[in-house]
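Shared between the two complexes below is subunit A, which pairs with subunit B and subunit C, respectively.
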Partner chain A sequence: MRIVAEHLSYTYNAATLFATTALKDVSLTVEEGEFFGIIGHTGSGKSTFVQHLNGLIRVPSSMKRYKKKKSKKNPPLPQTVLQVGEFDLTDKKTNFRELRRHVGLVFQYPEYQLFAESVKEDVAFGFKNFAEKKPTDGEVAEAVRAALEVVGLDYNEVAGKSPFELSGGQKRRVAIAGVIVTRPEVLVLDEPAAGLDPVGKREIMELLHKLHREWCKTVVIVSHDMDEISENCTRAAVFAEGSVKYVLPPRELFRKRDELRALGLDIPLTARLLEKLEQAGVSVDCDFTAEDFIAKISALRGDRA
Partner chain B sequence: MNALELKGVSFSYEEEGGFRIENLNLSVAEGEFVAVLGHNGSGKSTLARLCNGLLEADAGEISVFGVPLTDKNLFEIRKNVGVVFQNPDNQTVATYVEDDVAFGAENIGLPREEIGKRIDFALKATGIEELRRATASRLSGGQKQRVAIAGVLALKPKIVILDESTAMLDPRGRREIVEVVNRLNKEEGITVLLITHFPEEALLADRAIVMNRGTVVMQGAPKEIFARQEELLTYNLDIPRIGVICNRLRGLGMQIADTMDEDELVKEIVQCVS
Partner chain C sequence: MKDVSFGQYYPVTSFIHRMDPRLKILFLIAFITAIFLATSFYGLAICAGVLIIAILLSRVPIGKVFRAIRGILFIVVFTSVLNVFFYRGETVYWSWKFLSVTREGLIFSAFLVCRLVLLVTCSSMLTYTTSPVELTDGIESLLTPLKWVRFPVHELALIMSIALRFIPILMDETERIKNAQKARGANFESGGPVKRIRAIVPVLIPLLLSALRRAEELGDAMDARCYSGGRKRTKFKKLRFSWRDVIGFLAGAGVVTGVVLLRVYGVGTL
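After this line comes the complex of A and B, so read on.
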């Protein structure tokens, strides 16, 4: 499923004193099969955008409103498009429940949303909720087992436990299992690695790559960690003040270090080191992954030796 | 005299049984900046809660500037040991920043003029004077955490414990907090216990301690700790990213000195390849 957004705008508390524009004319396409990154400051609109993707925030039916106002002074606004696969999210008649089965959204700190008495029931909840027709107990059990296993948990060990007995990293896996249990084609995660210890972080990123290979065609992550973006993503969109500033593969994006800094964003460690090397008169072309950086630097020595 | 002294402290959450602090010994000198590292569930947060009596130890002794932590002097000790928690949204109680900062000081019944002075001091020390009359709920995460720190500072504590206070912030917010904490330590002489998952943050500390299964398993200068990557990995921890790159380059036979500093690493690389 391809994600296409064109001229998407959103204002919180529209038409009140507290109106705040969160998205301004956002156009962005995520191709099927990407491991896509979304970066930006707190308040840049990235979470608002992501919540549009499974219809948690609806596109306001602005079309009607502007038809009334249409005049020579106010030329019609370009039409808003928000399409995920065959689902038209600007259309009120779209089956949003069906959409949510195909687009899984994992919030920040998803383990805070675990609620059921057992891991099994927690994971089953989403499956039952979004099923087309009431699934049999066997179907539920099978789906739960598969979801827990793909996130790297031992079904027999954890299924009957309370989610609150598990470790932080395990809880997060259970929460992710509860979303992917419907086998969504698109998996969107807001800061999936935040708050975990370094090894937990690494394991979660490995899990996302595994899901990307075996389970969900497209993965979209929101992240503050530029190293995470440079190491994992096919492309990344930079949000600032509600607009999309850049959509580029990391190897091109992180060349724009001054532009990113001007937006108050960081650059990956490799980009910082390359910048300093350049200032010292050593220029290296690198895709900003640590692997490539190490390879290029050690090759440098070979050249000169 | 040590600012904080824990001797043979043990603790278990009754309902959970397994998860606890076990025979923990730790002394923190006055004015020291200690980083506490440990994987999720290693007991770091339990340690923070034990140090100001939010949790009561099952065994062992905890003392703050030589005063043992008991039921009787719990409130005295809390004035000396301020804790800032992880979630910026859970730590504001008032609508406006200055009222929020005043809350703790009002709670211990300080005279009005004194509260005013302390608010001024706390806002200045955390660099949020211009936010004095701002609405707390509309601040950024980093600003909210600075308000939380200011609220703790208004009690003039001698020890500030930050329990993963940077975990939910974006990189800018994280830098703000680390700068404030570093300044409080250097300029105000406040003893700091910084509990964190970010190895980079530990580099600023005088000493780093590593916790595992509720006890201290490694301690030393941060650079010494990070020179033991293998051992850290067994505790689900890692060294700062720059150290990983440095080690890998050395592993490939480059003559590079061990460093956690970007400028130094670049210097080393330049020397090595030219």
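After this line comes the complex of A and C, so read on.
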């Protein structure tokens, strides 16, 4: 499913003293099959944007009212478009439940939404909710088993346990299993690796690649860890103050060191090292992944030796 | 939570907003006393006059003030209807069995409506113009005398301000958990009462856990900074009376005296 957003704006507490604009005229397309990254500071609108993708935040109908009012002072706003596959999210009549089955959204710290008595029940929650007719116990067990196994947990070991007995990393895996159990085509994750140690982070990213290969065609991650983006994403969008500044593959994006720094954003470690090398007069062309960086550097050293 | 503006506080700066919260609380108490002491429309008119001046000075939009009244509309209508029909008076306009409409009844219920409206308007003016933090500071300071009888005033104020501080955080959290469960297909809007109550469980349990976790973290953080409350603490914002408060005090005293005088001399007593 392709995600298309055009001229998308959103204001919290619209028309009150507390009004804050979260999105300003955002236009963005995510192709099917991408591993897409969204980068931005806190308050840049990235979370608001991803919550639009499965209809938790709706496109306000006031957008449509604006269009009718044609005067010289208020030129008609360009039409807002928000589409995920065939779902038109600007239309109130869209079946948002069906949409949510196809677009899985994993919130930040998803382990905090676990609630059931056992891991099995918790993972089954979404599966049962989205099932068209009541699934049999066998079907539920099978779906839960598959979901737990794909996130790297042993069904026989954890299914009967309380989710609160597990370790932090395991809890997060269970929570992710609880979202992917319905086999969504698009998987959106808000800071999936936040709060984990480096090993845990790498494991989660490996898990996401596995899911991308085997379960969900399109993966969108929100992150402020630039290394995560440069290592994993096919393309990344940079959000700042509610609008999209760049949409580029990491290889091109992280050449814009100064522009990113001006937005208060970091650059990956590899980009920082390349900068130092450049200052020392060595120019290396690299796609900013650690692997490529190491390969290029060793090649360089090999040449000199 | 981002879509819900919490509480009543209307954040602008005005004469009333900048008054000392202690004085505002005392003024409110005096004002309510005056409303109850008033025995005539003249007395209520004094109260209403001062209140209108206060509303104008506070820069709170009139619509907001009316919204406070709308909240008690039902009670107002209910009590006035009861009074109209059941009040016994001499000049009878209409009667049927035990119900009757009298001149006295009409006047009395009008009086009651005015009283209720004034009560609600003046109390909501306090919350419109005083932030929750100022309010707890004011209450703590006003309750200080109770320390003499070993009443834990500071702890009470601390509990109040922590509770107030946590309401928006927990509302935020509720919203987040609700959204997370909605993303997993939870349905909070449809179904019978039993189904709806059951639907809350996936929100309630994580919320409770997170509240406990936050409470523990806050306790640890306070311990880590050697918080022990009470005595030797200084305040970041010291409450000070200013010329505004003198005016407020005079207005409050004026209202009470006026109402008491009217009552004593029986001017226009119903």
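Keep this in mind: the second predicted complex is superposed on the first by the 300 of 305 C-alpha atoms of A that agree within 3 Å, B and C clash if a C-alpha of one lies under 4 Å from a C-alpha of the other, contacts with A are read in each partner's own complex, and residues count from 1 in each chain.
Just so we're on the same page, a contact is a pair of C-beta atoms (placed from the backbone, for glycine too) under 8 Å apart; a residue touches a chain by one contact, two chains touch by 3 or more.
Remember, predicted model here, so these are calculated numbers, not experimental data.
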Overlay on subunit A: subunit C relative to subunit B, clash or fit: clash
Contacts of A:T80 with subunit B and subunit C, given as first, second, both or neither: neither
Partner chain in contact with A:N232 - subunit B first, subunit C second, else both or neither: neither
Partner chain(s) touched by A:R100 [first = subunit B, second = subunit C, both, neither]: second
Which of subunit B and subunit C A:N129 touches, first, second, both or neither: second
Partner chain(s) touched by A:L56 [first = subunit B, second = subunit C, both, neither]: second
Single subunit C stretch clashing with subunit B - from 43-51, 223-231 or 241-249: 223-231
Touching both subunit B and subunit C, residues of subunit A: none
Residues of subunit A that touch subunit B when the two form their complex: 41-43, 109, 165, 167-169, 194-200, 202, 224-227, 264-266, 269-270, 272-273, 276-277, 280-282, 290, 293-294, 297-298, 300-301, 304
In the complex, subunit B residues that touch subunit A: 16, 38-41, 86, 140-141, 164, 167-168, 170-173, 197, 199, 233, 236-238, 241-242, 244-245, 248-249, 252-254, 262-263, 265-267, 269-270, 272-274
Touch list for subunit A against partner subunit C, complex: 12-13, 16-18, 20, 51, 54, 56, 97, 100-101, 104-105, 107, 110, 112-116, 125-126, 129-130, 164, 178-179, 182
Contact footprint of subunit A on subunit C as seen in their complex: 2-5, 10-11, 176-177, 179-187, 201-206, 209-210
